[in-house]
Structure formats: structure tokens, C-alpha cells
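We call the chains A, B, C and D, going by the order they appear; numbering starts again at 1 in every chain.
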Amino acid sequence: MIQYPIPWPNGARCACAITFDMDADSLIHISRPKDSHNRLYPISMGQYGPMVAVPRILETYRRFGLKQSFFVPGWCIERYPGAVEAMLEGGHEVGHHGYLHEDPTAHSHDEQVDWFDRALAAHRQVGNTPRGYRAPVYNITQGVTDLLLERGFAYDSSLMGDDIPYLLDTAAGSLVEVPVHWGTDDWPPFAHYDEIGYLMPVKSPSSGLAAFFEEFEAHYEAGGFWHCIWHPFLTGRLARWRQVETWLESILESRDVWFATLGEIADHVRSISEAGEGTVRRDSLPYYTEPPSVTAGRRGNG
Amino acid sequence: MIQYPIPWPNGARCACAITFDMDADSLIHISRPKDSHNRLYPISMGQYGPMVAVPRILETYRRFGLKQSFFVPGWCIERYPGAVEAMLEGGHEVGHHGYLHEDPTAHSHDEQVDWFDRALAAHRQVGNTPRGYRAPVYNITQGVTDLLLERGFAYDSSLMGDDIPYLLDTAAGSLVEVPVHWGTDDWPPFAHYDEIGYLMPVKSPSSGLAAFFEEFEAHYEAGGFWHCIWHPFLTGRLARWRQVETWLESILESRDVWFATLGEIADHVRSISEAGEGTVRRDSLPYYTEPPSVTAGRRGNG
Amino acid sequence: MIQYPIPWPNGARCACAITFDMDADSLIHISRPKDSHNRLYPISMGQYGPMVAVPRILETYRRFGLKQSFFVPGWCIERYPGAVEAMLEGGHEVGHHGYLHEDPTAHSHDEQVDWFDRALAAHRQVGNTPRGYRAPVYNITQGVTDLLLERGFAYDSSLMGDDIPYLLDTAAGSLVEVPVHWGTDDWPPFAHYDEIGYLMPVKSPSSGLAAFFEEFEAHYEAGGFWHCIWHPFLTGRLARWRQVETWLESILESRDVWFATLGEIADHVRSISEAGEGTVRRDSLPYYTEPPSVTAGRRGNG
Amino acid sequence: MIQYPIPWPNGARCACAITFDMDADSLIHISRPKDSHNRLYPISMGQYGPMVAVPRILETYRRFGLKQSFFVPGWCIERYPGAVEAMLEGGHEVGHHGYLHEDPTAHSHDEQVDWFDRALAAHRQVGNTPRGYRAPVYNITQGVTDLLLERGFAYDSSLMGDDIPYLLDTAAGSLVEVPVHWGTDDWPPFAHYDEIGYLMPVKSPSSGLAAFFEEFEAHYEAGGFWHCIWHPFLTGRLARWRQVETWLESILESRDVWFATLGEIADHVRSISEAGEGTVRRDSLPYYTEPPSVTAGRRGNG
């Protein structure tokens, strides 16, 4: 079922990564800059992430001995340094996730460079040098991939081109792509955020989590890569996280899995590719240099 | 799983509160003021609350000996005094919920003060002095928290910053925050209200209620606080309420729970905090005094 | 659980009515009048109603000996007379449902009178004199209730003010209201109609129908009134209707139910009320004669 | 339950067709032509179709000996010829699906002819002569049906007028219609595509697929036609497809089904009709030559 299977370390049957994007209240500020500071409910909903959910998640990881990846906008690092320092102290990875969760497709390249570097500076402020990137709302552009290579990044995690990691070749070099997927993102089942234009029905914890657990079974059977894209203020809520924790415990006890940070996974994929131990899929950028023609004009005499 | 656990009265394992926001037909009037008076279906859908659901809910509470909280806009008190008087006669709490369910973020502070006091006057008309507040659409502002303290309120219930109650310190004093959460609000599973821009698929009674019951199990296990934010015209409908009633009966028989009004819960939290019997979490307002800078301008020579 | 219970004929425990609104392709024409005639897929989706679903539904009713109510826009009667004649020949009731499914709140009273009477003329053309009315999109207005009384109608079925039928008193006379509810309407679970601005996820037949069947159990227990508002092009689809049919068969065999047309139910309620055999709830119109004041202006010196 | 049953070849109880519309990234280009080339995530999400899902699907079909139909926009054939050639080499049918997934109702007839023929040219480039058509977003027009007949097509698969295939008669000739249905399309359960205005909650694989499997049971019982309209980037995802594969295997082992391409099914229906072996339903076009009058003007003295 998987065209370019990757042999995982120590013969593990399936690689696994839970990634948390800790956006906190950046979302309301970027969406409603005029009065977001006076919208206390969305702020508090976002702050639940760094203040309540992240300590809970880190405690679970500590108990299970897991090191996982977080993606945090630069502004959130400045605003909630304690949460980010706790991630780093716990041995987890903290990746680049923009400055204020700004959508790269909504800005010029110069603006984007500025946001990007401002975020990098925030990471460095807490002693972190991110090696991986996830675009806010997944909206990575060609310009950002170039920037990632210029800034020495090892991997991106914003695209949906495959089930398992692959290489992304560009003129300027090569990145590992650790792909995402809407079926393992927790916004569709759990987010309800009218203020930023995202109104989904909220699933019960068990019915919302069912999708993730079914995805695991399929990847485990196929020797693939189970990758969740979660958010502390959503899946880190008490009832949902308790079900995750119970499930995680049973998986760790009964299955042969390799839980790792995306950085470790990217490094593994890179080394497999370089050692020629497997055929890692390669994709090339740019996909396009200009928009496909969408005019229904008659061609020639046609 | 809970950072700042609160010891509940008499060693109860979990505090519980079902709160009903009785908005009646205020929603259609505030949303479509030009012709709402001629939109008979949304009016009747809202009136189901005070006329049909509230008597049903009060009867259940009476049978089970529960005292719970309601939040009612001032206009609804004036329009449906019988329903509110029945709440008060049953020993329940009636909190402040705006005048016509107006969104505080949509008005100037002066207008907001006017709405607020007009609502207070309506409460006093039926002999009620509200001690707690829930902002319409949860949209409490910094100005409203100041107003709550000026008017002598004990608690707010509009924020999502934690799983259990906490203290909200401001320059003007301190409120207890009794937090809410989209996962225990009945609009996502049951509301279908195109006229006010809220189109959700309607869940079956059992699948919609499942989320609330799963939340209870998690809070019960963690020694937390189970808090539902319901609406008479939604969860008070016959089939849904019958399932709630059956479930409530089994919980009351088999679990060690403390059902209380939000006022009682806020008082308990306040007294625990003052007696130093536990470390109640403290949050501070204002979160921000101005919008975070969201301009991608180059800083200095950067 | 029901404040004003109605004793049903022959001591039946629960009154039951499946009503089908046969809108056919009127919806696309009223929504997109400029090019609806060239939108073949929505036309065909709507025509599935009169051409495929109605014969199927009528056959089921015939086998089970049920007489039920349909509501059909006048234009649909003119366009699909065969389907309507088959309803009438089967002994079913055909109620008034506007002319082209026009929303009464979107038109002046004069226009509305014109639409209404044009629809009446279409009914008379097939020998039908409707005694009941359901407003398109439930949007009955005060003007339409007056019109119903002027035209001698016995009942309306557009409001949501109670679980069971009640009386609607106006200055001009009294109607029986046979109430509806979004929890027993099949648009939320089954409609997916982007062209008219209604995008819901489509439930599987069993999970979509679960809501209706749970509602039945609650009404049966309470001695109430189970009332489904369905549409041939949705619930009349093969897989959904097969599950309805199987369920109906088991209910008819095992329960003590009174399936009737809304006209029969309205007549029963009227006669119960007049005979003083029960206390039928009475509601009064107009709810309002003008919009509630929604200005936050200071009142007097307040 | 089926008015005009069709006898299937070799007495099979039910005809079955899984059709995949391989739209790849055409959707983002047609929706956001200005910057789609720089939106790498939607491009990669679409490319998952030809690059990952189609090989997986073809391998499953090969193992089970199935020949099925795909519909592919002309631009996708030019862009991903390998995927289309693999379909053709596997003996599958590749139908016409526009050029860049353009909506026929959004273009003049002349433009539409141009798009149509440009797509035809792309098909011919890979040696394919499509005999069937599915309109992008199902939006076939009267003009397109005429075009299908002019270009010698055998069938259309865009309408929802029945459960099983039927004939579509026009002044210019007759097409077989192989109908579709929103209840067996995988966009509602699985697509989440804000960039093109389609935000649905994402179901878990099992709960999303349940609708399709329930539909099968109903059609199998009724001797009908089970027809899924799927997309490689949705149902071809690892976890979903694995569940489909498992289910397919059990159906092929235990049931008496005829899996065929839509072309084979259309030919069968045509021959049944011509041989007089059954009464195939006939529908006639045009449905309308102009918009139904939707003015509420008074007619005559009425």
C-alpha cells in the first residue's frame, strides 16, 4: 500500500509523531487586529494552551518517556516563554511556525522574510534553533521553501503529498518533507471559532479521536507513519487528552512503534536516502512558476 | 491532570453545574431588528424556552432536589417574567446575561454600561440581584469586567482559560471565573439557526449528549468541575431532556458529586482561596491594553 | 414532561405524522432565477421527488394502510400533477406550501397574497382544497396567519412553540398549530445543496435517521406527538427509505400509535378543546406589532 | 422499491461502480488563478491523487480483477500523463471531466465548447476516446448535453434523477444517464478545503465510509445500482482505502455483484432498452427552455 516504504530504526513497524501547534491567542490577533485585545474569551481560549494544556501534555510525555515536536509562532514564544522553556527542558523539539501565525500567501516576499526572521529571533531568545518549519494554515509558498534552505532548515511539515516523509528538491537544495493531512488535524473535529470564520460542529472526545486511532491502525498495518497535527487548546482539553493518554498507554505497551520528533524522523529519512538503504520518494519544486492558463480562449484557429 | 485542584465541599469528588442561558427570542431581535417581529418561527422557537422547556427543567430539578443557575437577558425577564419567577421560587440562581443578548464587543463602553444597567433594572423588577454574569456569545470585554466589579458582582462565567474555576485579578478588584468551553455548549450539537448565521448539522439526542457525558467521566476521574452551558430551546426539548434526566438520575444515585449554582461554587472557591486551603489559580487582567503589533514592518535596521 | 397532554383517539399512546414537503425543483428556481433552467443537476435532484420518491413512499403507505400529509408548492402541482394526483387518490392530504417555495418574509403583503392565491388556484386545478399550511423555510408571518383565517384554513404547521399541537388565537379567529422542529427535519442530516447556500455534511442513512427514531421513543414514552418533516428527494432516497420502512413496520406491529394526517390531528385537537376533554394550550398572535427596541439609548435620566 | 428495474448481465443481483474523479490540483487553479501556483499545500493535496492514490487504487483493482471508470480533466491528463496511462493500461475507462474542472454554468456556450474540445484533445493525446462525461461539480447544462451528442458520447454521469441508469432523450438524440447522488459522493464526509470555499467536518474513515456501505446493502437488496463518486485524494488516502479494500474483498467473495465501468453499464442499459428486455426509464431534455416565472405579479384581473 505504500510505494516507497521507509525502514524505521530498530525494525520498528511504524513511525509515530504527535505534533502540537501551540498558537495560543495569536489566531485572534492576526484575524481581528483592531479589537482582539478586548476579546477576552478567544484570548483565554488560546491561553488555555500554554497555561493548562502544555503542562498536562508534557507530564504525559514525561511519564511515557516520549520526546515529541511542537510548533510555536515567535510571538507566542515571547508571550509565553515558560511553556516553551518547559518544552525545551523536557527534551522536545520546538519548530518554526511563523511569527503571529501569519498566512504566507497573504504577504509579499519581503514581508514574509521579515516575519520569518522576527520569529527566528524569538526562538533564539529562548536558546532554540529550529530545524523544522510548519507554515501557518499549512500555506507554505515557494518563497518560504527557498527561505528555509537559506536559513539552514532540515525539514518542512506543511504539505500533503504523501503518507510518509519524502524529499523536496529545489534549485537551492533539498528539504525533507514530513507530510500532514486534514484527516489527522484536530481543527475539523474540535475547533469552533466563529470569530475567525471557522465553524465546525464539535465532536465528542471519543468520536473526534476515533479518526486518529483508525489512522494509526492503518499506518501500523502498512508500516507507515502516523502523524497527528494537534493543538493544545483543542486536544489538550481535559476529557480529550485523558482519552489520548489511555490510548497511548495501550499502544506503547502492545505495539512496536517508533515515537520521535519530526527532526529525528527527518534526519532518519535523510540518512536512509543517503545510505541508499531504501528508495525515498523525491518531489521537486517549484511545482509551477506561474498560474496555469485558465482562459477559455480559442487557441490558434481552434 | 489538574494543576490547581480545588477541594470540594464534604469531600465530593467532582463539582457539577448545568447552566441554562434562557435567551428566548432575544436572538432574532438583536440579529434582525428590522423585521424580527414578523418572523414567527424563530420567535416561537425561542419562546419554547420559557414556555415549555423551563417548566420541564424546573420540575426535574425539583424531583432531584437540585438548585442550579440560569442566565437570562433583561429583556427576557421583562417579556417572560413567569419563567424567571419560577426559577427564583425554585431556589435557583438567575445571573446577568445582557439586556437583549447584545454582543459587548459590538458596542462602545457607554452603550455597554447602558445595556448592562437596563438589564440590572429588569432583574430588580423581579426581586433578583444577580451576583454572576455570562457575556452574550461569551464576548466579555475588559470594560465589562470593570463594570462587574463596580456593580459588586462575585463572578463571571464567560472565559475558557481553565478546566475549573480560578480567580481573575484586576486593578479594581478580583472576580471568580467559572469557565466555559465549546465542548460543553449545546449550540454546536443542536442549534440550526440560519436566520442568525449559525448553521450546524443537528445531532441525534444521544450522539449530541455523548460529548457532555464523556466530559463528565473525565472530570469525575480528575476531581474537576463538570459544567454544561445549555439553552432551554435546545437541550430542553422533549427527547433530549428525557435522556439528560435519565442520565442525571443514574449519576445522582451512583456518584459522589456536588451539584451547585455557580454562585455557590464561586463562593466556595473564594473561601478556599482566602482560607489558604488550596492553591486556587490566579489570572490577571487586562491581558492587553492595546492590539499586539501585527505589522510586518522592519524593526530598526532589521 | 408534557404540560398540556392531549388524549389521542381510541386511547392511542402517541400521535404520529410523517409529513413530506415535495418541493421538487422549485428551490433552485426561486434561488437562482436567472439560470436555474440550465442547471440540470439541481433540477434532476429535485425531480427525484415527484418521479421516484413519491411513488415509493405512496406504495409503502398503501402497504401499511397509512394516510399521511404532503405539502406541495403550487408550481410543483402544475409541473408534476401526476405525483399530486397519486397522493390524493391514495387518500392523503395535500397542504399549501406557497407557490414557488417563496419565503414570506422576503415579500410585501400584497405580493404574498398573490403568491398564496396563485398556489390555491393550482390546488383547485387538481380538485384539492387545502386546509393546512406550512410556510416555505417555515417563515410564516403575521400577515400569512391572517390570510390563512381569511381563506378558511384549519391549521398551520410552521412554528416551533411546543412539542404537541396547540391553538393559535388571533383577532381574526383561531388556527390549530401543528408544530415542527429542526431535530425532526431531514435537511440538516441529508441535504447538501451548495447552489442554494446550504452545505451540510451528509449523514449515513442509519446515523441520520437515528435522531428521528430517538425522538419517537421519547414521544411514545411521554404520550406526545411524533412529527417528521421530510422531503422526498432526501428521505425518499432508496437506502434511507428502506430503513424507514423497516422501522415503520416494526413500530406499527409493536406499538400503540395513531398515524394520521395533520388535518385529522388538527380536527382532533380542535374537538378536544371544544369538548373540554383536555386543556389544549393556547398561544396568541401577534407576538409583536413592531420590532422590540434595540437601541442602547439612555432612558429618561437613567 | 425500484420502478424500472434493469436485469443485470448473468443474473447478477446488483450492478456496482466505483468511479474516481481525478481532479488533482485543478481545483485550486480554477478557483484561485491569481496565486494558485504559489499555494503549495493545496497543490500537494491534489497531487496525492495521481502520485500516491491512483497507483494504490489500480493495484487493488488489479488484485481483484476489477475494471472501473475514472473521470479526469484534460489539464490533469496533460500534467499527470503517467497516472492516466496506468489507468488505460489497466483496462479501465477514462471519461471526460472538463478541461480544468471548470463549471459549465459559469461560462458561455462558446467558451464551454472550447474547454470541452481542449479536454478532448488531451484525451486523444494519450490515445483515449472518452465515451462518457461527468460535469465538474455535476453542473451539466443543456448546451453540454447537446455537445455530448454532437461529439458522439454514449452517456452522461452528472444527474440525480433516479437510483439506476435511465435514458435521456433530446431533440438531437439520446444519452444514457448513469446517475450520481450526494449520499455516495466522498466530498461531504472527507473534504476540508477552505481555500475553495468547502469546509466540512472530516469524518473518521469508518464513519465516513458507513454511508457507502449502507447504500450498498439497500441497492443489493433492491437489485439496483451501487455507484460511488470518489476522489483519489480523499478516499484514496491510506486508512480510508484500506477499509474500502477490506470491505470490497468481502463483498466480492460473498455477493452476486456485477462490477463494471460506466461505459459497460451504459451499453448494457442501451441494449436492454433496444432489445425490449425491460422497461428502461426515459427522461426528456430540455427540462426548461427559460426560467420559470418567479414574479409575483397579478395575472389578468386575478
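Here are some notes:
Everything below uses one rule, namely that a contact is a pair of C-beta atoms (placed from the backbone, for glycine too) under 8 Å apart; a residue touches a chain by one contact, two chains touch by 3 or more.
Just so we're clear, the structure is a prediction, and the values are computed from it rather than from any experiment.
Taken together, subunit A and subunit D share no touching chain.
In this assembly, the chain whose C-alpha centre lies farthest from subunit C is A. Homomeric contact subunit B/subunit C is classed as different-residue, with under half of its interface positions used by both copies.
With centres set at the average Cα position, the gap from subunit B to subunit D is 48 Å. Each chain gets one centre point, the mean of its Cα atoms, and the points for subunit A and subunit B are 34 Å apart.
Shown for subunit C are the residues in touch with two or more other chains, namely 199-201, 203, 207.
Residues 1-3, 105, 135, 138-143, 145, 158-163, 179, 181-183, 185, 188-189, 198-201, 203, 207, 210-211, 214-215, 217-219, 221-222, 224, 283, 285-292, 294, 296-299, 302 of subunit A touch subunit D in their complex. Put simply, subunit D touches subunit A in their complex at residues 25, 29-30, 33-41, 43-45, 47-48, 51-52, 55-56, 75, 99-100, 102, 107, 111-112, 114-115, 117-118, 190, 192, 199-207, 237-243.
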